[in-house]
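First chain A sits with chain B, and in the next complex the same chain sits with chain C.
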Partner chain A sequence: MTAVLAFVSVSDLVIGLSLGSRLFLIAVGLSLIFGVLGVLNFAHGAFYMIGAYVALVVTNQVVDNFWLAVIVGGLAVGVIGVLIEVGTIRPLYERLDGELDQLIVTFGFVLVIHEAVRFIWGSQPYSMDAPASLAFSVGIAGSTFSAYRLFVIVAAFVVMISLWIFITRTYFGSLVRGTSSDREMASMLGVDVPRLYTAVFFLGSFLTGLGGALAAPLQSVSPALGDQVIIDAFIIVVIGGLGSLSGAFVGAMFVGILQSIGPQFIAAGHIAIPFLAMVLVLLFRPEGLFGGIGE
Partner chain B sequence: MSIRDESIGDRIGTFGREAIRNGWTRERFVLLGLLGLVLVSLGPPFQVYLFTEFLIIALFALAFNLLYGYTGLLSFGHAMFYAGGSYGLAIVLRDLQPHIADTIGSGIAPLVTFVIGGLIAVVGVLLLAIPIGWLSVRLEEIYFALITLAFGMLVYSFIIQNPQGLTNGTDGIIVTLGITEIGGTELRLGDRQTYYFLTLAVVLPSIYAIWRIVHSPFGTICKSIRESPDRAAALGVNVTHHRWMTFIVSAVFVAISGVLIAGLANVASPYHSHWTTSAIPVIATVIGGATYFSGPIVGAFVYLYVRWGISRYPVLEAYWEFFFGVMLIVVVLYFKGGAAGGLVLLQAWLLDVRTAYERGGTSEAWAFVRESAAEKQRNLSARLSNLGRSEPSEGAER
Partner chain C sequence: MIDTTVEYGIDGNTEKRSNSDFDRRTFLKAGAGGVGLTAFAGCLGGGDDGEGITLGAMYIFSGFASLYGDEAERGYELALEEINDNGGIDGQEVEVIARDTESDADTAIRQMTSLIEEDGVDGLFGLDSSGVAQAMAPQAEQNQMPLMVTHAATPFLTSPEGEHENSVGNDYVFRNCNSIVHDMYGAAQVAAELDAIEWATVGPDYAFGYETWDYFQAFSEGLGVDIEFTAEQYPALETSDYSPYISAILDAEPDGVITPLWGADLTTFLGQADSAGWFDEIEYTLFSVGMGTDLPADGDPLPEGQYASTRYDPFVPDSEENNTFRDTYVEEYDTLPTYNAEGAYRALYLYKEAIEEAGSTDADTLIETFSGMEHSGPVGEYTFNEETNQATVPGIWGVVTYDEEYESNVLDSVEVSGDSPEELNDALAGSDLPSGA
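Up next, the complex of A and B:
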């Protein structure tokens, strides 16, 4: 055990947590949407990418305010999500085999968004500066980290906690939980289910857009980004449990840390391990390691 | 021996007479189709290449649709069997060709190695598909799509990892088909025309085999599972077992297409096992129409030839995926029959036009055309004004 621990440095751990934090912001929206609507949104990674590009455009061309750019990125993706949900996913709720049709439609949007992004911004990678107020370094246990990296970790924790309070403690949250466990009953009790669905889709899209914008300074922003993160997000929500918020959080941190420390242990095994974990969870605990929504 | 020959000869004779005498019979269509396939080989090399690729993708999509269209399971990991076929052939060609040449002489060794490599690849994929299928068919719907995606990416990471130099990592393995000598004549397997006929000789019987499977009692049970797994189970069908068997059959035919693509592209590439490759049969099948047997074939045709058409306009060339994304969305939302369904509707409509013509000449036919166009327009505007509302529940029993 000590031999293993010797390999894991604090710096790897922090980088892993920051990778996990950005993955959490994608996975939590994906999980929320699946938990309530039963829709597996293949385009969620593409949404994340749009968030990053919009933040980039806002800081470079509109106003040089990072925080405003992050909010605008999240809202823009939320609006795009609502348009897609109302226009193309809503007609499929009642259809037999609707779940697979929704998966195929959202996959169609993966192709459309990928090409649209390439058309508008080109294939070259962009980089984005961290906000000036956080452009300093912090030393922890002998390693130095950019303050921004630590901020992203804190932001993920804040989002997790506020979302948890929102779902378990507010009126809207109780509607979400009720609809997620029995849609027909909720509808009979007077919940406007279509509107609630749209609201949840907005929230999930907003969170992933926010994640994309927040993570933009930590990664290069290119059209390949969406395809890379969606598979990670699938792994996370499966391991944590489709629909589970805490599952998305633990799953994201697991995958993030594995991505940062994995390469040192096993040459290329770190690519295989998440998929292996995904297969095992699907076979033995298809509902995920953590229960349903709000847990 | 002689009896058998005669009967085959007789059958061909009857077939030929039928084709010539009795107007537009099925025999004549088959004969013309075969003639068309031969004529394709005389086209420019690039066209021959494109058509060969179309045949391979058509088989890939058709095999995928055995599972999706006929038992209702959407796999997002069929690339693992496609790559399995490619790598099986490539590894045999790389490692065993010298041994085979030593045993049977270097003349026909390349052809024999290709055949042996193809067989080993298919058997290898079969052995892979048995356990993976057994585990995967326990899950349904989204969960089945996710577990096949995970298995597919496991195979991808295995190939990337390059265990003991077997798969040559991210570079993949170059496939060289070599020159076969039979009785003094040289046969270059890698030649576009030769490879086209080889592909044809493999793909046509495979399509026929799939046709027979779909129209056998086994295929009928598969369709009953697609319509309603619960009712099929109530009638005594072992749903899981049937899905497992279909999974294996589907994987085997995908492996055949994988073997062929390695020979065509001259490489077994890890890209062939990535999930984006698994999306190709999904796109082709959905656009073509999953509920029709010919849907995946039509879809593969659309996939390759629309892509080729787009590539002729440099402005659009780089963005061809955009159009397929739009097609996927439109087909799923408004036209589940896909391109094959469209062809069926078109045929029915043309027959109606002909009936109108026979009833009252050109004016009657023209009136029918205008009337049906107006009706289509009304339907379309009604649909558009309904946009954003949930469909009337066709699946209410669920």
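Up next, the complex of A and C:
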């Protein structure tokens, strides 16, 4: 173990955390929606991609304010999420085989969104500048990072902590936890379940849209973006435990760091190692490393 | 044929509809769907060989490398205009039908089949991706259709089938630009002159990335360049964040890096490498065919003072032919021509010369004419080697310099090398790699 650790430099760690941070913002929404609604949202990666494109359009064509663009990116995706949930997923909750139908519907949206993005923006990649206030470099232990990369890591920690407080300390959070553990009981106690579902779907979508917008300056934005991240997000929630917030966080950082140090050991190792970790978790701890909502 | 099938298939009622064209069209539009419509269109457009010359252009027109298709289109459009304004080919009007390969071999093969069967093309040209080209070569032979490759650079494309396990060269496939072999022969010579011992690579995760590194090493050894090879990274195509790979290379602390990253992948990489301090820490970066990406990209992404290569340089050779082409191109498009534009431009002139010399568009006559043919174009004078069908176009390396007049990066101190197949074969003699030159 120490031999392996000797190869892991500070820069690998920082890059790993930054990769993990944006994966967290996708995975946490995916996990939250599954934990409460029982819906495995295949379109979550596509939502992330929309967040990035919206931020791009806002900064390039509407108003040159990065922070506004990030918020608008998150909100726009939240609204799209609500429309999809209310319009196409809600009618399927009561179906006998509803889960499979939901999966197919959300997969359908992956294709629709992918083609829509290609139609509107074309298939060439775009790049987005980091906000001017963070457009400088920081040297840590002999390596150079853009300040923005470090900011994204901080942002992910802030989101994690806020979400934690929100779920464990607020009234709405208690409704979410209650409904996730027993939907019928919550409904009988007067919780408006359909509306809660929509609110949670909004929150999950908002978070991934925010992630897409925040990550835009760190990567190229192209229609391939959604497909790239959704697989990673699935691996993360399987490792962390479907429905678990802390699981999504730890899983995301774990996969991020693996992706960062992987290239040094084996070609394509960064792709293979997370899958391997997922296989091991499925074999020995199929419920994931962490428990349910609020854990 | 179509109407009976469709009508029987749908409602079995032939009497009502069979004799009316109008009804048939309405019917097809209304519901028989894409299959019927496509077949219908295919019948109308197909197989007309009587008049005019039709050539099929196959490039990447969408996705991360769509700039290659856009550049090629400018090149062949210019040639098309010039040729048709001057009496066409043998007095016949020339038409080019362009198709998008989407950098995918299966798509490319489908498009080729459609160009041959539905559009009845007389010849094909283009191809950007080595992977696609390798899959297409056997198909060109099977369909007995001449294919003039203008960009894809794998040496195995012109290395005759059987020479190496990956070789796919055959009588129908030609290449009018230089390949990885010429490019890496030049790169090894650049490396020899630099004060850099340890070398690394970061390239795309497919044949082109691996072959670039293999041939760079083989030529360095073959030419006796005293350098070491320390690290290699192969991120997937369309990687959106190169940081882990950049960090892995920086950790290895090489003196020089050669990178064949291309298209938008290269511009993405450059931005991220720059903010990770790449150009402060690594003395020399060699951008293999970097000029093809730099010229069409926004804001001249290649850093000045680094080394880059190209398959054609707008200022080399300083010949009348090249200067005229460059000036015409700049006037038309307000930018310097890239190698992909020049390759596509020249492909049309090659077909013109071959068809006029052969007096026919017969495929077998054409390939006989191409084989061993001497030609000259903006890139200079060259010959198609009869053994390989590869043009003797040299590798071209230089130092990236910003040019005020053209408001873009150009290559300075340009060195050309390796236009002789014997020279390349000798340098590779100690390795098991074919030259395909």
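One rule holds for everything that comes next: the second predicted complex is superposed on the first by the 292 of 295 C-alpha atoms of A that agree within 3 Å, B and C clash if a C-alpha of one lies under 4 Å from a C-alpha of the other, contacts with A are read in each partner's own complex, and residues count from 1 in each chain.
Basically, a contact is a pair of C-beta atoms (placed from the backbone, for glycine too) under 8 Å apart; a residue touches a chain by one contact, two chains touch by 3 or more.
Keep in mind that what you see is a predicted model, and the values were worked out from it rather than measured.
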Looking at A:Ser18, would you say it contacts chain B, chain C, both, or neither? Reply first, second, both or neither.
second
Which superposed partner A:Gly262 touches (first chain B, second chain C, both, neither)
second
Any idea whether chain B or chain C touches more of chain A?
B
Scan A:Val62 for contacts with chain B and chain C and give back first, second, both or neither.
neither
With the two structures laid over each other on chain A, which partner does A:Tyr93 touch: chain B (first), chain C (second), both, or neither?
first
Touch test for A:Gln228: chain B only (first), chain C only (second), both, or neither?
second
On the A-aligned overlay, A:Ser146 touches which partner chain: chain B = first, chain C = second, or both, or neither?
second
Which chain A residues lie in the overlap of the chain B contact set and the chain C contact set?
118, 267-268
Spell out the part of chain B that touches chain A in their complex, as residue ranges.
72, 74, 135, 138-139, 141-143, 145-147, 149-151, 153-154, 156-158, 160-162, 275-276, 279, 282, 286, 318-319, 321-322, 324-329, 332-333, 387-396, 398
Sites on chain C touched by chain A in the complex
62-64, 66-67, 205, 233-235, 238, 240-241, 243-245, 247-248, 250-251, 264, 267-268, 271-272, 275-277, 280
Chain B partner, complex, touching residues on chain A are 40, 86-88, 90-101, 103-105, 107-112, 114-116, 118-119, 194, 227, 231, 234-235, 238, 242, 267-269, 271-272, 275-276, 278-279, 282-283, 286
Could you please specify the touching residues of chain A with respect to chain C in the complex?
9, 11-12, 15-16, 18-19, 118, 122-125, 127, 137, 143-146, 149, 218-222, 224-225, 228, 259-264, 267-268, 270
